[in-house]
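Labels for the chains are A, B and C, by order of writing; each one numbers its residues from 1.
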Amino acid sequence: MKHIMAEVEALIMSGHGLTVQDLMKLSGRNRNEILETLDQIEEEYSHENHGVELKNVAGKYSFFTKAEYFDLVSKIRKKSVSDITNSQMQVLAIIAYNQPLTLKEIEKFRGSACTNQVKELISMGLIRRKRDKAKKGNPYFYVTTENFLKALGISDLSDLKEEVVENTEIPENVRRDVPQES
Amino acid sequence: MDINFHSGNFEGSFDLLLFLVKKHKMNPLELRISEITDEFVEYVEGMDKVDIETTSDFILMASTLMEIKSRMILNPSREVIEKQEEIAKQLYEYSLLKETTEKVENLYDLHMKEFDISIVPSFSREINDSLPSVFMKIINTVKQEMNLRKRVYRITKDLYSFSKKIEMVKSLILKSKRMRIRDIIETSDDKLEAVVTFVTILELLRLNFILIDSEETVVINEAYHG
Amino acid sequence: MKHIMAEVEALIMSGHGLTVQDLMKLSGRNRNEILETLDQIEEEYSHENHGVELKNVAGKYSFFTKAEYFDLVSKIRKKSVSDITNSQMQVLAIIAYNQPLTLKEIEKFRGSACTNQVKELISMGLIRRKRDKAKKGNPYFYVTTENFLKALGISDLSDLKEEVVENTEIPENVRRDVPQES
């Protein structure tokens, strides 16, 4: 088992984001072996004697320096920071949680106009619009992009949703009654 | 509990409602309006009535709550229960949204502080991962040659463009028909020009202008020149 | 002591070869602390459950994948320098000889488009782009990397530069034309 750990570590550290599939193909191991190994590596690097950690971002595994060493690492590395305003963040959250949504639906959620925020978020590459040709009137829908997952450092949207529902502290039996947004 | 809230403390009436629901450890979906209406009204009355637009939202909510509360006490009809459920559902959606916004914000801020890393593959082999060996060989020859002559290396930015170099090398080879690669490279004044010269040779090979005779010699391609 | 380990690990993994001096300056730790930490990290990564190791190459500390995983790791390095094509080499030579150059300037030299060659050369690590904020329009410039010199077998260009500067026969105004490596 130890050798798999070393193999997967070497692969991820020298690759630029590898999926479980990539790792299976490269190492010739099966899915369970890879998943188990990823867990072990994640566990190992979560210890405080490590300054880097394993993350699944948009389905791809990479190592990142831990946020607590940001000040230190930023002395040698630069990151371009794009500031997101509160209102943009709100619109982004509405789309993230309920996508796909039309502009009208977003505005209904928020209770006010948000054309500007939507435009800005598109130009930041965090959301994009798509057209649903099947629907009447060919309306535009807004959805989050892969860049959104990358900006948040999460593997997929379910990460976000699960945690949110857990945090709202609603008992299991009630939660099931909540109307599910598609 | 301090009730001197300014309207700025809550972005909207749902914020205040959610605050009270949480304070009473109530589930948003099992909202019991009668239990929190008085408090809600108290907060709204304590607000600065400066921002009419914001406060009107609170006042509207307060009156809705009061209406539901009184009707619940007097006559808890199906209609009024549905009204309460409607507010409960909206409140739940609002709390999800608030939670999501916070979560997105936190994740964004956190990941902003993380740098991706990438490791160089095993360094001993890395050196083997280089340009084609003939390139290496020639560059090394040039290096030795130049060390020997201890020339003055002056890098002039615009002395040689690639096209000029091609013409130079072409005429050189046309003259002698057959040349050692090393001799062609040696016409260069410095290392970087040597690189350009070598690439020129490769380009002429690609164009079939010349052919490789042995590993170190090129000849004019007679077929090409008719 | 654990935190120093994490700090040094984060720094070395995100840097491109750091000296003990660099590490002292960046972390604010003294020489002994750094040396001891480097020992600990080296020890830790020498275990067989790790696929990378800490190495000191010419006084600079970097992580490398272990030699035994070379074959595995080279499967993901699709872009090998030895696969360089003639047209890529042409573009490389143009950049090497005239750097820094914008894409437009490279294309002017070559007389044809070379976006693809430039991209491939970047992915091979032979060139990189940098931005000149002082210039109008913030254009990207392309320059060769240290990897390029390594691939050529020329470890660095500094000997070339030094010779130019040392040679007093070269007038000031010419010297200023010497392209500076960053």
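Methods note: a contact is a pair of C-beta atoms (placed from the backbone, for glycine too) under 8 Å apart; a residue touches a chain by one contact, two chains touch by 3 or more.
All of these numbers come straight from a predicted model, not from anything done at the bench.
Enquirer: Which chain has its Cα centroid closest to the overall Cα centroid?
Expert: Centroid comparison flags B as closest.
Enquirer: In terms of CA centroid distance, which chain is the most far removed from subunit B?
Expert: Farthest chain from subunit B, going by C-alpha centroids: C.
Enquirer: Would you kindly tell me how far, in whole Å, the mean C-alpha position of subunit C lies from that of subunit B?
Expert: Centre separation, subunit B to subunit C: 21 Å.
Enquirer: Which integer distance in Å separates the CA centroid of subunit A from that of subunit B?
Expert: The separation of the two C-alpha centroids amounts to 13 Å.
Enquirer: Rounded to a whole Å, what is the gap between the Cα centroids of subunit A and subunit C?
Expert: 30
Enquirer: Pull out every residue in subunit A that's touching 2 or more other chains.
Expert: As it turns out, subunit A has residues touching two or more other chains at 10, 13-15, 52, 63, 65-66, 73, 77.
Enquirer: List, in ascending order, every residue of subunit B touching at least 2 other chains.
Expert: 115, 117, 119-121
Enquirer: Under the stated contact criterion, what part of subunit B meets subunit A in this complex?
Expert: The contact residues of subunit B facing subunit A are 12, 27-30, 89, 92-93, 95-97, 99-101, 103-105, 107-108, 110-121.
Enquirer: Sort out for me which residues of subunit B touch subunit C in the complex.
Expert: Residues in contact with subunit C: 115, 117, 119-127, 129-132, 135-136, 139-140, 143, 152-158, 160-163, 190-193, 195-196, 198-199, 202-203, 205-206.
Enquirer: For subunit A, which residues are in contact with subunit C within the complex?
Expert: By the definition above, subunit A touches subunit C via 2-3, 5-11, 13-15, 18, 22, 26-27, 44, 48-52, 63, 65-66, 69, 72-73, 75-77.
Enquirer: What residues on subunit A touch subunit B, complex-wise?
Expert: Going by the criterion above, the answer is residues 10, 13-16, 52, 55, 62-68, 70, 73-74, 77, 79, 81, 84, 89-90, 92-94, 96-97, 109, 111, 151-154, 160, 163-165, 167-171, 174, 177-179.
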